[in-house]
């Protein structure tokens, strides 16, 4: 099964979690080695700017997911 | 209850505060440890560029929230 | 009264100033101490990249405000 | 007269120049001192990343201006 | 044949992969030398912030691709 | 003749090349000296983050161009 069968989600919260997943998947495609990603995670999860940068990527994907769901109106 | 039951807010100001919340929640998902987040906060809240970066994430989420509310017209 | 009663403005120039305000308000929410913000201001207002980053946040908010006003057509 | 009477322009090229102006005006609002801005300019105009960052701000404003003009179709 | 015959894809996952391709193609246009790109890749694929930056570009392109496909509704 | 007569292009690939051109033109407006730009190019074209930043600007412009062409549907 596809890791991304659809952009539709039942709730805004699930949509937000999909945005988080999309942000991580782009990293996974670029760096497929899970061990290296785990090492990098220990670095950036204790760096405020790194976390803000990651939050920005999520915000960009959340725009897409929210629109795909007509903002769950 | 969900931390994000809806993107609809009564006023633009509440919409702005929701954007702030969305920006922080992405950080919280990535760094779930509140103590670490508090430590990081003491760093970035005294760094101009860190604050500007955080403000950019809020701006991106505010685009989403404002559209979800048809700009509170 | 709310600091953000509406996204509607009479003119594009007022809309631009609202975008500047939105950018600053996100910083204010994150760093509520005015004295610290003043100190940070003296740093970033003399740093070209800091100013460009701030200008980017304004640009993002201006997209929202312009759309909310149907581009003042 | 307002420095921003309208987002409408006759041509895409004029629209691009308006986007450049919007990017610069946000800097001007934040750093009103022309002498300081001139000094900063001599720095960032010889730094590749600074120019790319500035180009990104222009791109964000150009999205707004292009939409305001219905893409000059 | 064009490397970009269409923005339409059959599935969201293929759309995401197209977004990845678009992000890489812009780099390829700017740095056409494959050997240099390979060297650079070994650097940024082990740097968390570099990966986050790359993920952000993908997110921006994914907005475009998703919209082009009406969010695969 | 204008360097930007229209945002319309025949194909997505031409649209992508127009996005590249728009990204470069903003740099050209800010740094009109071709010799300096050439020097800067030798630096950033061997820096992974610089290339990613440039790719992000292209992605932002490609959003505009793709929309102007109704995604070449």
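A, B, C, D, E and F are the chain letters, set down in written order, and residue numbers restart from 1 in every chain.
Heads up, the rule we're going with is that contacts are C-beta pairs under 8 Å (C-beta built on N, C-alpha and C of every residue); 3 or more make two chains touch, one makes a residue touch a chain.
The shown structure was predicted, so the numbers you read here are calculated from the model rather than taken from an experiment.
Among the remaining chains, those touching subunit B and also subunit E are A.
Separation of subunit C from subunit E in touch steps, taking the shortest path, is 3. A centroid comparison over C-alpha atoms places A as the chain most distant from subunit D. Because subunit C and subunit D share one sequence, their contact can be compared position by position; here under half of the interface residue numbers appear on both sides.
Placing every chain at the mean of its C-alpha atoms, the farthest one from subunit F is found to be B. In terms of their C-alpha centroids, the spacing between subunit A and subunit F amounts to 27 Å. As a whole-number value, the distance joining the C-alpha centres of subunit D and subunit F reads 15 Å. For subunit C, the set of residues touching two or more other chains reads 47, 49, 53-54, 56, 60, 63, 67. Listing the chains around the ring, anchored at subunit A and oriented toward subunit B, produces A, B, C, D, F, E. Within the complex, the subunit B residues that touch subunit A are 2-8, 22-27, 29-31, 36, 40-41, 43-44, 47, 49-50, 53-54, 56-57, 60-61, 63-64, 67-68.
Residues 11-13, 16-17, 19-20, 45-49, 51-56, 58-60, 62-63, 66-67, 71-73 of subunit A touch subunit B in their complex.
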